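Next up, some structures in structure tokens.
Common to both upcoming complexes is subunit A, partnered first by subunit B, then by subunit C.
Here is the complex of A and B:
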């Protein structure tokens, strides 16, 4: 009677390469390490002064201040590989210099550190006394584990879905079409207008990429975006094949997969002949597509790309949509997604929008690039085995939200939204989590 | 979690480890953790639909089907299950955690 989990039969278990012998594994690991530490990467690997300042900057350490949760301690496990393979002292006397060979056991031991106890949010790097990019060192660890087949199975399954079906939830093209038609019907009633959600329309101005979560479980943000696009007279389309704004290759550390996911979407943008790609509210998706993608592909894009937040602000500035902040009366605070803000540089747009569409906007402290991770980043939401760490590490965020007195938390990231919903449930906060576009839609004044 | 005299176990995401042990009593117990004091007829119809769909197809139904098959509005479902269709309704229906960003 018990059914297997979704896609279980085809799911690679951790260690796809059980057949990979120790030597072969070490070679693959060293090759991944060498690639990651080219150039400035080497500095970040060999300059930690062990000051411990990073502890209090980390949401995971703050929730559970044991030494093993210190960012420097986690990162040092990866740095020990650098010392072993790239320094003379580490090669000659590894035991004296804390240099470790990448044996199968050592690599297996690293899995929980780099996937389970770090979301790669990057806040520690911002406060590091010697300016080390600690998160990227953790990512180097993930790249090594991806090269040796040790990505946690649930995370790997998401990457596989993206590569095989074009989207991380393996939603069929028919289902996408049925859902968009259904939402459009709702929208026609809500706006009393002939609103369409175009799919695979050629020659439109914009290709809008969305999170598959917006199709499968949370379509209100897609409904809102379609409503705002309609009000602004935008020419836009979704793609039925490659509409996924996420890229879990960023999280798994598999850069080949990340490049393939990027390529399939950008080729679709060119095929549809759009003028620009607009990314819906997804933190890591923005970082992956806007900043990492060209590096993975080794070339710049043919089609320009922006966050939907840029577009919404442009509509407001140009008077293409009219809004009334009185429609959003309740106090709203804003959670900054690490990948969008600290890594992605999109910080002021969401604030300028919220100032205009809500009546009572209250910042949480700290904010912008200095914000705390909600605990759900780095692929944590997809890895059930780390659920307790994930929810526990949200304590700092819970405290921040409580201090604002807001019951609505706006966040331009679906991943953060899920974590914040979970935190709200665990702590009985009764929060309403909304994307920015939902608040804009709610404030729309139609002629 | 104790339901009647049975010990029901959950993964660290709160989803049932052994979905076959699910029944109405387990559903009510999970629902109460979700802040649903009493399962209404609408709650039950959604949960039963999700359960049947999963038994047949091995995956969680999209929210479109939950709404259309049961006849509830989209905005209504988030009021019924404040944690949403995945971490809320699917959890009450005793499914394993759906894949991906949820």
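Here is the complex of A and C:
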């Protein structure tokens, strides 16, 4: 794997940093650092012993074992700021204690480390000698860079789309309407029933949030969900304005943007009068909305929220849908999205579902909270300048999948699905990548 | 007689305790309320993170690097023993060292472990990439403390000298990386608690050996 780029001149223009003077930039950076370490976060800045034993826990280091890819080396660059601005010894004798000031050059150099060489998957933290939350330290680096206008342009564009249009792909309401209409027509034929995809219907039981990729590139996921909802007799609706389950503010480090994206969705849920919000299969979306969102907003949600995996398992347990695992004959393995499993605590639901809807399920090793990132997390898929690192870092995942002998990789995350598709093409694996709901739909037994 | 060195040693311990307490309180900063609805229990996550999660079977940093894990563990056992011995001597300077041979052997092995880690830091490209003078000072100060503790155990060095070097250790403790002696517990509690709250910890019982 090579370095992400040849020089600073190759980086797309990020705008804000050009207008900021060094002093202004340092003030903004220090303010972001202070906010990030306020309350508990500083624990992790003080505890690293720099033992260097975290290398093999990281998929990026495993693919390219150089010091710059070592999680502790990346994190130490952020910790050096903490030592400079938050410790007396670092202020008095920065050289002795490895404390660094946040100059424009230092911040510029940090960009590749925290956006390009880390997907914030958190695996290193689980296996750290000390137990440091290394990923959150990297996120602190991202927050500092976001405050100084140094978010990679492609990633920033996604956040901008979400804020301005309500979805990351700037899909128009007409586009959503036509897609849902043809999906409903398709389902009517396939299920021989009057299947509807309600949009902006008030007073339904659930508001279903989807990944805009489901509208633009992978309509089978939405089709499958709509089919399963119909079979279960669910009362549901999409929103035409705020249906996006993703939240790239989590990745960019711009928590104000992340909070604004969260707020617009939750206000929509209240306006539609639903009983609960169901998040479709999206790893970071689940983490962002379910766990980080209330903290970005500074208050608990009025409307409860859970993953569609919980709902699917509920349907199966209650007998609201009938399935036949023989309809999914090929061997299936499961990729655990880091943000859903490690950071989200959802690990058993998808397994219980797959055990019932496929006839040959084979676990990857390691799995669950110990599973390796596929390489597509942390916004990596949206940052074209790091494409080479992203695809290269998937080698561990490729090896995991090969060992299972599976033909189908199920993953409850569209980001992971995109990365797995790229890996399958790159390594000529011939894999079929499917969401869990697609496998459930395929196994449905209709009356 | 310990004389003034006793007062210096006592002052160094007070300095370390006070500064570490202040640092810990400042890092806590009133805590961070979690507004999300829990699916697990914070306490269970913390307990798990300090027990099963620390075993080599669950922790790759230990499983993939058994030698380094063992060496590091030996160093820490020695330092803990050394600090315990220092505490006893500080409270009762006239007290003869307890079990000098046993103590000496353990501290000796521990000192050797410290020397290995120092060499490792000097030659490993990964460690060099993130090391600052503090990383070397910390191990030299700690190693010196272990060496003086051994010499004192065998009555080869005056108590004043022993106290003097120990004071260096305790004065340095809150300034650099050695403060991980406190923040280790804080950081592991925080991450364990958060993952416990979200239901990730304790890890679910697994079917088969698929971890």
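We take it that the second predicted complex is superposed on the first by the 432 of 447 C-alpha atoms of A that agree within 3 Å, B and C clash if a C-alpha of one lies under 4 Å from a C-alpha of the other, contacts with A are read in each partner's own complex, and residues count from 1 in each chain.
Here is the rule we use: a residue touches a chain if its C-beta (ideal position, glycine included) is under 8 Å from a C-beta of that chain, and two chains touch if they have at least 3 such contacts.
Computed from a predicted structure; not experimentally measured.
S.K.: Aligned on subunit A, subunit B and subunit C: do they clash or fit?
M.R.: With subunit A as the common anchor, subunit B and subunit C both fit in the superposed model.
S.K.: Look at A:407 in the shared chain and tell me whether it touches subunit B only, subunit C only, both, or neither; answer first, second, both or neither.
M.R.: neither
S.K.: Classify the contacts of A:384 with the two partner chains as first (subunit B alone), second (subunit C alone), both, or neither.
M.R.: first
S.K.: Would you please give the vertex angle at the Cα centre of subunit A, with arms pointing to the Cα centres of subunit B and subunit C, as a multiple of 10°?
M.R.: Between the subunit B and subunit C centres, as viewed from subunit A, the angle is 140 degrees.
S.K.: Classify the contacts of A:327 with the two partner chains as first (subunit B alone), second (subunit C alone), both, or neither.
M.R.: In the superposition, A:327 contacts neither subunit B nor subunit C.
S.K.: Between subunit B (first) and subunit C (second), which, if any, makes contact with A:421: first, second, both or neither?
M.R.: It touches subunit B, and subunit C stays clear.
S.K.: Is A:216 touching anything from subunit B or subunit C once the two structures are fitted on A? First, second, both or neither.
M.R.: In the superposition, A:216 touches subunit B alone.
S.K.: Given the superposition on chain A, which partner contacts more residues in subunit A: subunit B or subunit C?
M.R.: Counted on subunit A, the partner with more touching residues turns out to be C.
S.K.: With the two complexes overlaid on chain A, what is the closest approach of subunit B to subunit C, counting only CA atoms, in Å?
M.R.: 25
S.K.: Mind sorting out which residues of subunit A both subunit B and subunit C touch, each in its own complex?
M.R.: Common to the two interfaces on subunit A: nothing.
S.K.: Mind listing the subunit A positions that touch subunit C in their complex?
M.R.: Interface residues on subunit A, with respect to subunit C: 37-57, 67-68, 70, 72-73, 76, 86-89, 95-98, 125-133, 290-295, 297-301, 304, 341-348, 363, 365-370.
S.K.: Across the complex, what residues on subunit B touch subunit A?
M.R.: Residue positions touching the partner: 11-15, 18-20, 34-35, 54-55, 58-60, 62-64, 67-68, 73-75, 78, 82-87, 96-102.
S.K.: Enumerate the contact residues on subunit C facing subunit A in the complex.
M.R.: So the residues of subunit C touching subunit A come out as 23, 26-37, 39-40, 49, 53-54, 59-62, 64-65, 68-69, 72, 124-135, 137, 175-177, 179-180, 183-184, 186-188, 190-192, 194-195, 198-201, 203-204, 206, 208, 210-211.
S.K.: Mind listing the subunit A positions that touch subunit B in their complex?
M.R.: Residues of subunit A touching subunit B: 1-7, 154, 157-158, 161, 168-171, 175, 178-179, 182-183, 186, 211-213, 215-220, 223, 246, 381-382, 384-388, 414-415, 418, 421-422, 424-425, 428, 430.
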